[in-house]
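What follows is a pair of complexes built around chain A, which joins chain B in one and chain C in the other.
Let's look at the complex of A and B:
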């Protein structure tokens, strides 16, 4: 099944690459671009939340920090977009490291609350550090992506393809991490933390490593967002974003390859579907969440995976069943 | 003279007004099989938690292979050569047997080579079960898998918390032989269990606990003959099942 899921996920890459050529309108292309940009944030969140079981309500803050780092450097200091990326990644790592060192000894709900406080602090910095961020008035206009030799990112299609390229890289990094010894340790802690600890897996170090990688990815996704959108205000890293992306990931399916992309589509397209009734978008997200929890508790992608596993699992061997009865008797 | 693998000195732990472990001291020599028995609530599992590091003592020290480990996390103690299994065998139920062993191996960053998985499958009679989901295995196979996982890192000391829990008589006898095989590979064992027949046939020495305190420590013959032990634990029935 793992193989089937991976093949299915990677089969979507060429589909995503040709999408701008089949979409009929600039509006649809803009929505698709936002889906792939927020997809990057969702992939980062999924590594932490979905695969690591760390329910972070701070990744929106890291996304905002990355967006502002790129926005400020490109706008105020005329940096090349590509040169801002290492700065954003390091900033994201630093934030993730600080969050991890302060909170990773906490368990369950305590970590959620601590990460929420961290997310709120990030939003406060973005809105109150007016000399750098522009505060509530915002930051802009931010120039579009700097070109590469022979490649320009002026057109909407090129901008979409650039953002899509980043999403593919984020997915690739996430897949590598999940399949690495770090990913196995992370999964073990999520499945049974007490057993993993007893086997020698250090929960704090393992989760810190995952948090660092995931925070850097979230900040880089923010870097991709800033030149695309052209203007930033504190809501780009606000607490609202944290909750909405978290809920969207649950709907999409945490701990799966496709869940972040489905979640990003929900995050972007649901409010668009409710245009003219924006005040109901959070309510609609809540309703969708309730429906998903009731009928697909592992999210859309997680439930599809379970259905496939059930179909692929061979019938139990009679000998094993007999043994089970005898030994459990 | 064999090296002291585990040294417990004056270990105590209270929960509110209850002294769950009260001044326990003993040494375990390399290659030894040490048993810990006592009625329910005697503090055996709390003692294991203190030795393994999943709980912190109020007083006393724990020394593993010459290192004071009182303030070490369970994972750090594990990297030092101490492994444990839990009461009601704990495995990664959603993963296959092979994946469980692979997880146990990556926990220690390649201290053991690639042949270790095959070695453990043979030692714990798990051949042919590699692709089964661990959570669906019969109880005894789960217990053997839990032991195999604990051994993946090549520990010097293994703590076994009620390994015979949920097993039928024939399986208990088989478990005794299996633990002796494990011990013969150079792993020192400390075993908590209620099955007296298993413990007296398996252990070199037995510590008897009652209400958190040590009641007796000696060879199986010595503790089963001890009047205080018979009164407090074995009672009139003699040998419990």
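Let's look at the complex of A and C:
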């Protein structure tokens, strides 16, 4: 099962890379690009939420902070896109570190609530700090990605490939973290915090490390978003984004390699699909979410994985918790 | 001085609304550990029902009663259909399920009533001037009803057998079961009370705020701020915390900057997390479990 999943995941890389040459319309390519960009945010969220069990409602804020960092530096200060990336990553890390230091010592819901406060604060700063962010009127136009020696990112296909490259790197980093000792400690804490504590695993330090990596990643995903979209307003880091990406991740499947990508597709494509029936779209999303939580709590990717496990191993279905450990071992 | 009393009056009115929603949340949180994020949306539905029934019958008070009763029923239904089914799920799933509920309720409101705000006449039009502050009767009604309710809730929780069993279940689920209480039935009751309180808050607020699909969102967020401020699971703390939050918001808006008004509750929350993470009325053991 482990092999099947990994082969499947890596088989998607060349598939994703040739996608722009297969897609007929610029509209489809634009949607694909957005899926790939939000995929980065979802991978970051998944590291924290799916693997670490930390429900963060702040990652959208870090995404927004990264997007605005890149957007402001490129627009107001004429920086090179690539030079803005370290700034965004450090900003994301700082936000994640502050959030973690404030809350990680406390149990359960405190983290969710404090992250919600962080998410709100990020949105408020983006909309009220008008001197820098342009406030509700927005920030733009943001120039497109700066070229690298011999490569330009003017065409839509090149921009898709750049965003896709970032997504592959994010997935790679996430996979490395999950398989590292850090990832195993994270899984142990999620499965049984007290036992992990008794074994000498420091839950605060472990979760803080995961939160730092994932916050930096979310901010970088925002950096990739800003030049692609060309215009930012506070909703780019809004509380709505936080909830909708969290919900899409649950539908896609948290704690799996493919879940974030499926989640990003849900996040971008479902509202597009429901465009003709706008007034029903919120209701539909809510119903889909509740049905998924009730009947497929591991999301689309988790359910697929279970089906594969059952087919390869006709033994009785393992408990959910055991399964999580086996994939991380 | 006038600005001060006016601000204080506004703060207490706002705080009463926050306290109503937060008291319900504290109850549900204490008994079942469910982060019922949808109480804001319940308040929104309560507002719409008050508008609808009040408009049809011409009586605001009848609308309010129908809203409270209907919301209690909605609380029972959502608990049985959603949260009780998920009682073995991890806490993060419950939070997301609550958000799914928010979307369902907001989506339904959008489909049924559309995006335009609906206005409700004040129950008693006019206003009174107290110590230089002009206070509409509706605001006095809000404060009065809220105070009456808090007294009632307190008596219920401390003097009646049912109320005591709710508190027992909140203190120890296993212990409550051992002495023959049924935590699931108690949970259902707590959810019904919480939803009814949210519906009441919505019904009281609707003449001031109007009714539209996202009207409850700030309430949901502030209720969470209040229960962290108060210490999770403390109902009396939630009442005090609600008033404190309302006052902080009103005074911040009046004396610091109106623009950053929404930031004050968040800053207060962060301050509490740094200085006193167990909350103003919480016990250390609970927060640091």
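Heads up, the rule we're going with is that the second predicted complex is superposed on the first by the 306 of 329 C-alpha atoms of A that agree within 3 Å, B and C clash if a C-alpha of one lies under 4 Å from a C-alpha of the other, contacts with A are read in each partner's own complex, and residues count from 1 in each chain.
Methods note: a contact is a pair of C-beta atoms (placed from the backbone, for glycine too) under 8 Å apart; a residue touches a chain by one contact, two chains touch by 3 or more.
On a predicted model such as this, the values are computed, not experimentally measured, just so you know.
When the two complexes are overlaid on their common chain A, residue A:191 makes contact with chain B while staying clear of chain C.
By the document's definition of touching, of the two partners only chain B reaches A:202; chain C does not.
In the superposed model, A:55 lies in contact with chain C only, and not with chain B. Using the contact criterion defined above for the overlaid structures, shared-chain residue A:181 touches chain B, although it does not reach chain C. The partner that reaches more residues of chain A, of the two candidates chain B and chain C, is C.
No residue of chain A lies at the contact with chain B in one complex and also at the contact with chain C in the other.
If you check the complex, the residues on chain C that touch chain A are 29, 33, 35, 82, 85-86, 89-93, 95-97, 99-108, 110-111, 114, 221, 224-225, 228, 232, 259-260, 262-263, 266-267, 269-270, 273-274, 277, 287-289.
In the complex of the two chains, the chain A residues touching chain B come out as 181, 184-185, 187-188, 191-192, 194-203, 316, 320, 323-324, 326-329. By the touch criterion given at the top, residues 49, 53, 55, 102-103, 105-110, 112-114, 116-117, 120-121, 124, 128, 243, 246-247, 250, 279-287, 289-290, 293-294, 297 of chain A touch chain C in their complex. Residues 52, 54, 73-76, 78-79, 83-84, 86, 90-95, 102-104, 106-109, 132, 136-141, 149-150, 152-153, 166-168, 171 of chain B are the ones touching chain A in the complex.
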